[in-house]
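What follows is a set of structures for review.
Here come two complexes built around chain A, the first alongside chain B, the second alongside chain C.
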Partner chain A sequence: MYPFLRLLIRGQRIDRRVLYVLLMTVVALPFVVEIPTPKPAISPETQKFYDTIEAIAADPVRREKLVILSTNFGAGTLAENQTQTDAICKHLMKKKLKFAIFAFVAAQGREQGKIAAERAATKYGYVYGQDYVNWGYRPADAIEPLLKAAVRDIPDAVGNDINGTPLAQVPVMQGVKSVNDVGLIIEVAAALTLPQWLQYYQRTGEEPIPTLYAPTSVMAPEGFPFLKSGQLQGMLFGLRGANEYEVLIDERDFGKRGAASLAYSHLLIIVLVILGNVGMFAQARLEKLYREENA
Partner chain B sequence: MFVPQTGITLWLFILGALVVGGGVFFVLTLVPTRFRKPLIAAVTFLAGLFFALEFFLPVATEGETKGQNFLTPFLKPVSAWTTILQGFALGIGVYSLVSVHLRNIARKREGRGFSVVLLAAIVAMAVPAIWKEYNPDPRLKGFYEIIYDGAFNSLNATMYSVVAFYIVSAAYRAFRIRSREATLILISAFLIMLGQVTIGQAITNGIPNEGFARNFRIENIANWILTRVNSPAVLAIEFGVGIGALATSLRIWLSLERGSYFDEEL
Partner chain C sequence: MFDFLADANTVKVIKIWVAALCTLGIYSILYKENKVFRFFEHLFIGVATGYTIYITWNDTLKPRWWVPMTEKGEWWWAFAVPAGLLFYMIYSKKNVWMSRLIFGLFFGAAAGRSFQGFAALYFPQVRSAINVPLFNTPESRAADAYWLTPFSSAANNLLFLAIVVSITTYFLFSFEQKGKVIPAVSRFGRYVLMFAFGAIFGSTIMARMGLLIGRVYFLVNDWIKGLLLGQG
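For the complex of A and B:
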């Protein structure tokens, strides 16, 4: 009896192994075959992120200052943070801005920043030491006194780059002395590392340093209050933000396929949740029908 | 005041630091048990006091020391000490991990195979990573890249991505419309999930993204939920977390914390 209701009820009892196979398929498929997806709508926070770098590049004074690219993430969030870092490096190099890679929570961050910079350097003719530098990794517990010391003297506070060369001897650091020589801070994060920049560095110079944030999607909601308060000038919302940013800088890469993978996995979850709920209501309906029949 | 040393002076400084450090450690072992906790409390208080005073004391408003007080020049050496302490903590961690797993292997405990894998992984990752810092041989760098990019990064990302499978399974089983609150959460979750992805955004692509009509585009609805509903809640939570962190910090700084390690006999 009631075969249709029984069929619907099965929707809430899908075996978890089937779910895993379905998810694996929708996540992996866009990386194997190109599945066409619509162009993303550019969110306001991504547009502001892009505009901030463009404005700095167009300003003859600010473009001579150093950009700090803080890469505080490890391999666990590669899909989101590495995609963002790759795109950011390309944009900075396209605009011929000099930058310093720096990590202070995830030790892997210095390597991931290095990988992103080296990938883009060949295309844009960037040379390590001449156009960018890697300050390396410093332990998180030491970062607050280090940042405070770096307000007055960056080369002295940070010390050496990843090759052991004193920063004062690295060509790209010539003319970079204090917080007033920093033109932009970009924090790519897998943990809450933004407050350190906001509390100890952003507003310690003659004028506030524009600050951009590229967190993972789960952390992005924590960035909105800072955007609203004006402490952040732009934000890349996880992989979605990276995909939008790739569109803006006209450098489609992992973000495009990653966004397709994300889109289909979201759709899968929505379909599964709907199936589960329909199954639940079908079961309630069936039980009610049985009760009425037995009454 | 703290100038980097080179050559023979550097080695003399290292030797001096080892002798002084060893001496301090020896003296600390002689401290009677009843004085150990007060000693730790005093050191903790003084260490915290430095940061508090440096932050709160007024700074010079002009001249060579503009923006500084008398403690500010010590920030850099204190930062270096913190880094050194972190190095010690890392060393203790590695020592503890290695000794525990070596014991597992030596005593032929169950699961010792995992201990072998762990120790082999430590050696395989640490040796080329440290070695490449001091040897410019490109083959060594290539080997490190195979280990780091080829193995470690992929394994680390894989471990993290496994979470996605549990999230899908949990969402499927737990997201049921059983109350009004659950319905609200479900609807907002659907809107945000659709607003985040291009296929979801395409549903309302036909609506103009200007004027009053833009409020009906799915990405704008998702953005409204995030910035107008979620954001205040995040702020409230962070405010609470901040107050909690302040209270906990004060308790640790003043050695008022009790429980777990704080009540143990030293």
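For the complex of A and C:
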């Protein structure tokens, strides 16, 4: 009995460096060998995200409006946010929707949005300036006045694109003047940047603008109340959501491989949590046995 | 001297090597605290700060302030400089009153905006919570709501209401919670909060794994397979 309990106790004393190596190995495995993983079940929020873009593309009036793709993330959350942005760009281009990339908290966001758009543009024949534009980065402190000004006059409030061209001279911005010319807002976020859109832009036009949210997993739970209240029309739940979305748009990419790593790393963590807890109970049992023996 | 930088492939190889070394340098903290990690940590902070300053100048200050002021004759933009400098008067004991002018202006503007912000952010949620239909919800009858049945929809909404009431009860701190009903409801609210915290923590783990997956994918795919093994 005692040797067995001592063996179990070791479950909560594994060196953290061993855990890191185990984790790295499990995460890297799907990138080295092809491990079959089942197709993901599509969650309602991802389905709604996809359906919203499809509905806008099918509407002859709304499809002519501009989509704002707000890419507020940097290199730190590439695996989640870049995968989401890549898939979103592909979907928008597939549906021939015109869009504007914009960042206001993460300066790198303008670059990450640009990378995603350029990757997909070659395949879908999108041309910068004609089919999409990059508004660049504006400091977070200036975003509220900027959005309020952009309700009436987007080209004047935003100013120039990343190449320094005034927005009024960019072909894709022709006919885009006020909030009523915006058909969809998509917020890809690694920080709390959704409220600004909901507070100062979404409901300031003739009708509320459909808004979609693609946050990191850690922020996603905060999005559900907005989904329930109808302030959001859909959400991509981190890398998991990106993987589901790739299935819907039929463009399997990093989401598929990343989701396999995610699944196996979660399995490892569950096993380690069980080992740790079994070790804790074994220790309590062993201490009790010692006490009874010494009594 | 730097002619080799004209070759796109060479630049790509250098970029991957630098990124791989930076990643490994940062991950060296997992073994133990060391100077290599500290070096790369400071390098990252410096690069990120420099990049943000450049982008802020290039995308905002230059086209919206400097060019109009110096090239388009909009001289009044020059007043932004002394106005901005007023913030720094907070460091002067004698002239600290001057900083209050600009702080007051910004506080007033922020307070005014926050009314609109609060209403737009939370009123739809309060309205939605009050208007939750219990049975035969419109959502469950929608053609595309295949994941909702009339029963699951009603059960979901009842649970939602129970949770809203119990958690609101838990946060009633203005009076002592006595008797049997209120403490029981409050306790249920506390358990539900624990469930929520657990779910959020699970999401946090997923997010952290996502960060690791991104870097491991880069190391395996771009660096090891692409450069070291030449499979890219």
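Definition applied: the second predicted complex is superposed on the first by the 294 of 295 C-alpha atoms of A that agree within 3 Å, B and C clash if a C-alpha of one lies under 4 Å from a C-alpha of the other, contacts with A are read in each partner's own complex, and residues count from 1 in each chain.
Keep this in mind: contacts are C-beta pairs under 8 Å (C-beta built on N, C-alpha and C of every residue); 3 or more make two chains touch, one makes a residue touch a chain.
Given the structure is predicted, the values throughout are model-derived calculations rather than measurements.
In the three-chain model built by superposing on chain A, chain B clashes with chain C. By the touch criterion stated above, A:Thr46 is placed in contact with neither chain B nor chain C.
Of the two partner chains, chain B is the only one that A:Ile115 touches; chain C does not reach it. Touch criterion met: A:Ser265 reaches chain B and chain C at once. When both complexes are overlaid on chain A, the residue A:Thr77 reaches chain B and chain C alike. By the touch criterion defined above, A:Arg240 reaches both chain B and chain C. When both complexes are overlaid on chain A, the residue A:Ser217 reaches chain B and chain C alike.
Once the two complexes are overlaid on the shared chain, A:Leu198 sits against chain C while remaining clear of chain B. Of the two partner chains, chain C is the only one touched by A:Ala28; chain B is not. Applying the stated contact rule after C-alpha superposition, one finds that A:Ile14 touches chain B and leaves chain C untouched. On chain A, the surface touched by chain B in one complex and the surface touched by chain C in the other have residues 16, 20, 23-24, 27, 44, 74, 76-79, 138-139, 142, 144-145, 148, 164, 217, 220-221, 225, 228, 237, 240, 262, 265-266, 269 in common.
Against chain B, in their complex, chain A makes its touches with residues 14, 16, 19-20, 23-24, 27, 37-41, 43-44, 74-79, 111, 115, 138-139, 141-142, 144-146, 148-149, 151-152, 156-157, 164, 204, 217, 220-222, 224-225, 228, 237, 240, 243, 259-260, 262-270, 272-273, 275-277, 280. The residues of chain A lying in touch with chain C in their complex are 16-17, 20, 23-24, 27-28, 31-32, 44, 47, 51, 74, 76-80, 82, 107-108, 110, 136-139, 142, 144-145, 148, 159-160, 162, 164, 195, 198-200, 202-203, 216-221, 225-226, 228-231, 237-240, 254, 257-258, 261-262, 265-266, 269.
Across the complex, chain B meets chain A through its residues 51, 54, 67-68, 72, 75-76, 78-80, 82-83, 85-86, 133, 148-149, 152-157, 159-161, 164-165, 168-169, 171-173, 175-177, 186, 190, 193-194, 196-202, 205, 209, 217, 219, 223, 226-227, 230-231, 234-235, 238.
Contact residues of chain C toward chain A in the complex are 30-31, 48, 51-52, 55-56, 58-60, 63-64, 109, 113, 116-118, 120-121, 124-125, 127-129, 144, 147, 160, 196, 199-200, 203-217, 219-221.
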